[in-house]
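Take a look at the structure set out below.
To keep things simple, chains are lettered A, B, C and D as they appear, and every chain counts its residues starting from 1.
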Amino acid sequence: MIRLSSPRPLFAASAVGLTLMLGALSSAQAQEEPRELLNSSYDIARELFAAVNPQFIAWWEQQHDESVTVKQSHGGSSTQARSIMQGLRADVVTFNQVTDVNVLADAGLVAEDWQDQYPNNASPYYSTTAFLVRKGNPKGIESWDDLTRDGVSLVFPNPKTSGNGRYTYLAAWGYADQAFDGDEDDIESFMQRFLGNVEVFDTGGRGATTTFVERGIGDVLITFESEVNNIRDEYGSDDYEVVVPPVSILAEFPVAVVQEYAERNANEDLAKGYLDYLYTEEAQRLLAGFNYRVNDEGVAAEFSDRFPQTELLRVEDIFGSWPDAMETHFSSGGELDQLQRR
Amino acid sequence: MIVSAFGLGRQRRVLPGFGLSLGVSLTFVSLILLLPLTSLVGQLSQLSWSQYWFLITDPRLLASYGVTLLGAGVAALFNAAFGLLMAWVLVRYDFPGKRLVDALMDLPFALPTAVAGVTLATLYSSNGWIGRLLDPLGLSVAYTWVGIALAMAFTSIPFVVRTVQPVLEDLPAEVDEAAVTLGARDGHAFRRVILPYLWPALVTGTGLAFVRSLGEFGAVIFIAGGKPYETEITSLMIFVKLQEYDYAGASAVASIVLATSLALLLAINLWQGRFIKRLHGGRP
Amino acid sequence: MVRIGDAPGVRRLLIGTALALSALFLLLPLVAIFAQALMSGLDVYWQNLRDEYTLAAIGLTLLVALLTVPINLIFGVFLAWLVTRFDFPGRRLLQTLIDIPFAVSPVVAGLVYLLLYGRNGWLGGWLDAHDIQIMFAWPGIVLVTIFVTCPFIARELIPLMQAQGSREEEAAVTLGASGWTIFRRVTLPKIRHALLYGVILTNARAVGEFGAVSVVAGAIRGETNTLPLQVEQLYQDYNTVGAFTSASLLALLALLTLAAKAALEWRAARRETAT
Amino acid sequence: MSIRIARIDKTYGAKGPGQTRALEPIDLDIHDGELIGLLGPSGSGKTTLLRIVAGLEQADSGSIHFGERDVTRVHVRDRRIGFVFQHYALFRHMSVYDNVAFGLNALPRRERPSTEEIRSRVMQLLEMVRLQAFAKRFPAQLSGGQQQRVALARALALKPDVLLLDEPFGALDAKVRQELRRWLRHLHEELHFTSLFVTHDQEEALELSDRVVVMSNGRIEQIATPDTLYRQPANRFVFEFLGDINRLEGDVEREVLTCGNARIAVPGIASGRHELLLRPHEISLATQASDRAHLPVTVSAIVPVGAEVRLELEADWLGEPWLATIGHEAFERLDITRGKRLFALPSQLHRFDAAQPTTLIPATAS
């Protein structure tokens, strides 16, 4: 038996009424103590920040005698930037793409000079692009060249949607640029073969990993060195091997305070503190533990056996600047689209 | 304004509640359905025709239309056959567990599409329960268009079953008997007599399954490879464009999907109306 | 009785095929969900269930369903009453409009709401200025869920109420009953089953919506993750068991939905044969 | 083609209390070219019997022969019967032409006539049912009577040995029904097939049939020509089922039956309580009682129908009113108005409570 409450003529709720009601309820919820920091991050950083956050909370409590909570939002780096622009109220961003922070700066949400506000271009850690191959490296993958051979199938995230994928693309291009001495035709045919070997394009780094590991698709997974090592740790070195190519790209992991929201959330100090914390030795050690390369010399030395010497190309050196690279390669009808056309 | 205009006829309305229900319905429809949809139109109106045309004819997008149509087409055809079989078996035969099977038919509507997608991807990937059996045969389902069609088929199974079933139930026994007393063999009788009766329901169900498949997202993205020109579906393209902050592009593609779906629904309704008219009288 | 296709051979073949296909396409996935969830044993399953974020996702999902279902219930009843009891210009158009959410891809549904309520959207700027957050918070999730599920109840009611006609209600009017009394005493008993049916369908979809919600939710763990989003994220985290644990909850709910639906149908059929 | 039905019986449902016996063992012989009506109330088993003859139902035991051919185990589609359904059962998605041609098109390829032959045969059938002009129409565009004619043409297309009709005119209105009956009778005489039809309308059965089979409760009550059936009903059921009846119940003493203040001489009936029945036309009315019958009645309703006038008669000695039909001439002579008091004079009385049904004639007063 269904019983309905009596229909009140007043029910004919107006747009504003409904919206206000819902909105008021949600903002009432957001006002609750203790203070809550929202970190918007790229999608393969879940475990990393799940480890960082408790440490930070303890550190903050020790320094300021205030207990806080940290919430995480993860997604493709670009998706996250879009969400923030559309109103996702993140206090800080910890991305894997300089461009995605730039977009926020252009929108006035992040300070113009954000790269100068923290050391190393506001990148507390960095990584590069590496390969994960199946046990015994049956296809003999050593370098980018090997990835363009017939019969080698690749898995990496879609460069259109994933910063991770973009690095992979730029790394391959950077390698080809070096190998063919800037000969456009050779580079393009190299890239065409490279992209032609892709078996699956997932939207994000995690999807690609799942495809490779759980679904058993592809011969090579191309992703961040840190991720590659994590997978090997997670699934055991029995099944997979890591190959770090002699030449690859420098992947920076920029961080920034989302000024606009941090202020509005009255979290400015907390947000700054969070980013500061990432540069502390304690945090750097934690980051290195997650196979990210760090700048803290002491910690870097400690973990040096984990990170093979490799030549890291800078995006700015090859492509001029991030905006240039984005425009030329990833815009609609850009180089990537051209290469994939057939 | 609108309410008072409609209210002119109030004297003739016997039952109460016209104003109230009209108010509630219009408010709801405007707020929940129309207002958001106008924002899509608003977004589109910022584009010129040539820009719009350029956006929706991007080769990669064109390929995704193909993949989506192929997947949805195969899924709809599969469901036409499977749905007809299931409706037939559930109406015409008695067997142990029939009620259970009948209930199970609605599973795809009850099960969240994301769960369906994750599960199908797990089952059909090369180390999944089914994928493992297919792999040695050189058949791969996950991350190919077959997988897309499979996920689409799964989520739209109930459409055909549930539209054909009641029609078959209502089919008088005399129709069978008339055919049999006239000497028709099963095959002939089914093709020439039963099938035409089911035809409107079958086409409607298949059409709905097709429309649903065109827009399916949750179940498909887990099993679609997302490889440009090969396993990229149109819904995914919208999602991708959203992630590139390309709202104009996303809206343009969305408008295509929306228009196609609405046109198909309308066509189904019109066709059904005409068909039914012919069967239930109305002299030409 | 002689019916087409009742030769034992044909019968067995068709039943066999139907059962085999149903098992393969419907039963196997269902089994797989629970098998994957329990892969590492009950302890792990239990632990995954009690995970802070999973609990939060369950809570949010329930909240969404609790808000969506009554709103759509009220709307569905009013709309069905309107289009089946009155004739007015635009009646058919209204009926067609209601089908839009069926035709709209969930991603598009999410998109249009984002365009409207997002910070750069028409209403978004104003809302942002007044510090009201709709998108990337639960109100946005509720709104898109209402959008996606709004046809279900109306679609169940309209054909039924159309078939029933308004004679009885008219009789009640001649007996001097008020609108509310007519609805409660005359109409409601006749549409109870369809209404309940619609509620069940709405609830199932509200709980399980993924595409539209994923566009507007913002993926904040423990805050804007509904269960289906939680499934996706855990799955992306290599936490297959965790993902399928959440999935198993949803599957369980799906089974309950099916059971409730079957029970309703069974009761309706029994009543029909009784009269 | 003759039909021989031997010891056919049928029970529905599993053994137990829910079980219903649809047919007691039935024997029936139908001669070649005969038109037989199966008459009975609903639930009498007539339709079940027809469907068993058709092969649409299986009998539990017994046998059916068409001529010399044992068809008991022959599938309905191979029995060579034509079957006409109560609700026509036309294929509504096919034109009239396609409906009639269906059986011919369904024949295996080597037996199937050429398209031309099918065409001429169908048109011939449509001409026979006077529907040539409607060949391209769909069933929904035809009236009920026209649809039933199409159904008949369809059933005859394969030149069946036996034509079976299940309440063929049941769904039609009275006038069309009358017309179709006459037409069917005519068709039957012309084409000379053996037919068996089911009806619950006694008038229809009597008008159409060569012989009528009256059934009740799964049993055959009587098989006879319409004339015999009406004149010599085998039992009270048949008598009652074939027309309106009036009851007279009272105590007989010295060959006089008394009931309240009514009396009537009943020669040859032993003393005791008896029930006598009489038909409406077996009553005449007079202004005075005769020496043999004193049955005072009051006219309570008057319905002129065609050649006769139907009167409802009431009396305090009657449980239910009597129905009488008299000629217009008598009606005028007696100057009958409502409330007029008259005396009923039965011309015949029927008695079914003895071992043999008997008819007695009370000496009438002139």
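The rule we apply is simple: a contact is a pair of C-beta atoms (placed from the backbone, for glycine too) under 8 Å apart; a residue touches a chain by one contact, two chains touch by 3 or more.
Note that the structure is a prediction, hence the values are computed from the model and not measured.
The minimum number of touch steps separating chain A from chain D is 2.
The chains touching chain A as well as chain C are B. Farthest chain from chain B (centres taken as the mean of C-alpha atoms): D. Interface comparison, B-C against A-B: more C-beta pairs in contact at B-C.
Distance from per-chain Cα centroids to the pooled protein Cα centroid is smallest for B. Each chain gets a centre from the mean of its Cα atoms; for chain B and chain C, those two points are 16 Å apart.
Each chain gets a centre from the mean of its Cα atoms; for chain A and chain B, those two points are 36 Å apart. Between the Cα centres of chain B and chain D there is a gap of 54 Å. Of all residues in chain A, those touching 2 or more other chains are 7, 11, 85, 214, listed in ascending order. For chain D, residues touching at least two other chains, in rising order: 56, 76.
Within chain C, contacts with two or more other chains are made by residues 1-2, 74, 78, 114, 121, 143, 235, 240.
The full set of touching chain pairs reads A-B, A-C, B-C, B-D, C-D. On the side of chain C, the complex with chain D involves touching residues 1-2.
Listing the residues of chain B that touch chain D in their complex gives 172, 174-175, 177-185, 188-189, 192-193, 196-197, 199, 278-284. Residues of chain D touching chain B in their complex: 54, 56, 76-78, 81-83, 85, 87, 89-94, 102-103, 105-108, 138, 140-141, 154-155, 157-158. Residues 1-7, 10-11, 14-15, 17-19, 21-22, 24-30, 32-33, 36, 74-75, 78-79, 81-82, 85-86, 88-89, 94, 96-109, 111-116, 121-122, 143, 146-147, 150, 166, 169-170, 173, 178-179, 182-183, 201, 204-205, 207-211, 214-215, 227-229, 231-232, 235, 240, 243-244, 247, 250-251, 253-255, 257-259, 261-262, 266 of chain C are the ones touching chain B in the complex. On the chain C side of its complex with chain A, the touching residues are 73-74, 77-78, 114, 117-121, 123-124, 127-128, 130-139, 142-143, 180, 184, 188, 192, 195-196, 199, 218-224, 233, 235-238, 240.
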